[in-house]
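Shown next, in structure tokens, is the structure this report addresses.
A, B and C label the chains in the order they appear, each numbered from 1.
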Amino acid sequence: MNTKRYLAEYVTLLLVVVVLALVPLGLGGSAYYLRLATMMLIYMIYTVAFNIIFGHTRQLFLCVGALAGCSAYVSVVLAMRMSVSPWASIPVGIVSAAVLGGVFSYVSVRRGLGVIFVGIVTLVFSMIFANLILGLREWTNGETGIETRGLRPDALAPGLASYYVILGVLMLSLVFYHLLMRSRAGTAFRAIADDEFAAELAGIDVTMYKVLAATVGSALIGAAGAIYAYYSGYINPTVFGPVSVDIAVLVTLLLGGMGTLLGPVIGSVLFAVLDEVVRPLGGLNVLVYGVLMIILVIAFRHGLVAMLRKVTKVRIP
Amino acid sequence: MIAILIDGTVQGLQLALMAVGITLIFGLGGVLNLAQGQFAVVGGIVAALCINAGMHPVAACVLGILSAGVFGLVVDRTLLIPAYRCAGEERLLLGLLITLGLSFVVNGFMDYKYSDISLSLRLATPSFDVAGISIRTASAAVAAIAILAFALLFAFLKATLLGKVIRSIIQNEVGAELCGINPARIRTVIVVLSAMMAGLGGIAQGLFSSLGPEMGNGLTDYALIVAVVGGVRSINGTLAAGVLLGIVNAFASYYVGAYLTLIILLGTAVFTILLRPAGLFASRS
Amino acid sequence: MSALLAAQEIEVGYGDMPVVRGVSLEVRRGEAVAVIGPNGAGKTTLFKAIAGMLAPRSGGILFDGARIDGLRHYELVKRGVVYVPAERELFPQMSVLENIELGAYTNYKSRAERLKFVLRVFPRLEERKRQMAGTLSGGEQQMLAVGRGLMAKPKILLLDEPSTGLSPHFVSEMYRQLARLKAEGLTILLAEQQIPHALAFAERAYVLENGEIRLFGPSTELLGNPDIQRAYLGMA
């Protein structure tokens, strides 16, 4: 039995679910803070996904928002224009995001594109996505956006129930992450992140594992995106733009710690707090994130989990 | 038809002005500058502020370009140092992330403080006729500026010692060091030069239509595409790619509409990157 | 005769692996010294350390009486240390003339006379002076690399495997020119796999095997050494 070996991970997962489950109780019944906390959970899922894609296999997907938006719009448009039930259209959205992510990864690995080219291709994709939404306005309402309040299932209506539903999805993704990392795929990821060339020589099918990471990560992003679309009640191209999603996810992952289980969780909590603190500054919040990102990338690249590990000498997952 | 061609070429030249800085910084410094558009915004906003304060437009523009250069100098000597300490892909990734963060910093600041300021340069005569075709004076001005800038750039690179040194580092950094050249010092020159080219691009944008503080990221994205399609190490390629994409954009917009055009353009760019990652005009070395 | 260049117990490595261990050698003014040894012995690593492209982990390197270990190569060029690596590292899209002229970067204003000199040493480069360096043949590229190095007015020339990939005709011609330069006072340290030419050209040689100096002495002695004969000259 592997209980002893993964004790740290199990304890962590347990702690996370307990702490997060108790959060609503400490919010004093405020609907505003409950919404913030729920958004935090959604962004946590984004970050877990980005951790798999970038943190573990160094694929710089600068299109997290676009993938999320893709899933969201596919799901919402299907529900709105073709009266498909959200429970059916959400999986379709997820699949579309997963397929896109997988394709980007596959083509990039096949063509031997370095990390910056993946970044550029995904950046361009996020531009294409924004323009597609704007251009296909008969379907998507363009800039005006779509109200999803009428379409959403009750489980995703703002409130305590949806918080726990989304928490459930988050825990599923964390458990999935844990299982993935302790499988053969996880070992492959570590080898690839360390030295891709050596991994290839050692017989690891780098293409398959990178595409796997990208597909799985993109699926998670799609799930979070679709959930966000219904929960927030309104979508437009901006909410899935780089300023709304990508920079938040980048900062969160850098802050928490790439390649760790707890990193996305801690990072998201801190980022949510930071977001609130910075809210009165209005448009300047982007500046704060930019500054934070620069500082993190230069001086604190390994994130909080790594620092905590060093300080407490405990192997925090 | 000719009008569209002219329009497209001018826009292409302006894109190329923005993109050449990315090519230079990448070829020489090994850093992908995702804040290139922000240099243009800095230059443009400074120029606009000066004009609002009563300065003569030409002087204001010159000041704008110079401030873009100074900003580039500061960035190179501070933020980029950690990236320069690494090499190869590490430097690429770190530089990319640092400049990405910087782009948000500048974007956030500009959008907040100067959101109601934009650079809009209007010329005395809005248009003139050549052989029966009405040409916007602004287009002619932009074209003239861009062509002059590129001509000077090529002359500089071809004929001066510093220019040759720059070309040598782009072609072979090790070889340059063997000749006693210190690459780091030259890198700073390049970043300043690229920032000023971007500043010029911003001024051109102000002439062509208008430049607002929120446009930085968009300018960067287009510059990136042009630079990559043209070949991130080839200046000729960047110029050619810029003009090509500008013309394609102009024709496609006319016939197909703005959004579809953008998608076609972006799709073509992605396609090119995937087919020939080194760029359409990259030399086989 | 004083040593112009001396390496003292230097250790050079990549990451955790030491490639060159405890190597000491010296080159006196006006001498030609060879470093010979099989592939992978560490000759290139040693040269890179001496030239300032790599920092030695321990030990010191002295040039003209001053410590130079830890200095980067571009700083050494002005002092008279010129390195021509095996890869040559030319500028492929620049002309032969531009390549050569850049070699004089450290004394650019006064390059005209040096240029005449180099083009006399390598007349073939004069013929090809407007051609792109990337289109030259292997032998011509080697000549260009050496010619570019000479433009920096070297006190010592470090040549790493100058005969690699060259036809025998080119190799002879190159060594002929090197002998001429040596006669005019240039100090040369070269690394070679092709032993006969190297030992014929250099007065002294060091044998580098597995990162350590196995043997050293006057070339004539080494040529007569049965081990050397067996290992490198293919004689039973």
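Things worth noting here:
Rule of thumb we're sticking to: contacts are C-beta pairs under 8 Å (C-beta built on N, C-alpha and C of every residue); 3 or more make two chains touch, one makes a residue touch a chain.
What you see is a predicted model, and the numbers here were worked out from it, not measured in a lab.
Each chain's centre was taken as the mean of its CA atoms, and the one lying most distant from subunit B is C. Of all chains displayed, B has the C-alpha centre closest to the centre of the whole protein C-alpha set.
Once the centre of each chain is set as its mean CA position, subunit B and subunit C turn out to be 42 Å apart. Centre-to-centre separation between subunit A and subunit B, using Cα means, comes to 32 Å. Per-chain CA centroids place subunit A at a distance of 55 Å from subunit C.
Remark: subunit C residues 53, 72-75, 77-78, 82-85, 87, 89-94, 98, 101-106, 108, 134, 148-149, 152 touch subunit B in the complex.
Across the interface of their complex, subunit C is touched by residues 161, 164-165, 167-168, 171-172, 174-183, 283, 285 of subunit B.
Put simply, subunit A touches subunit B in their complex at residues 60, 107, 111-117, 119-121, 123-125, 127-128, 131-132, 134-136, 242-243, 247, 250, 281-294, 297-298. Chain contact summary for the complex, subunit B toward subunit A: residues 32, 79, 82, 89, 92-94, 96-98, 100-109, 111-112, 115, 217, 221, 224-225, 228, 257-260, 262-263, 266-267, 269-270, 273-274, 277.
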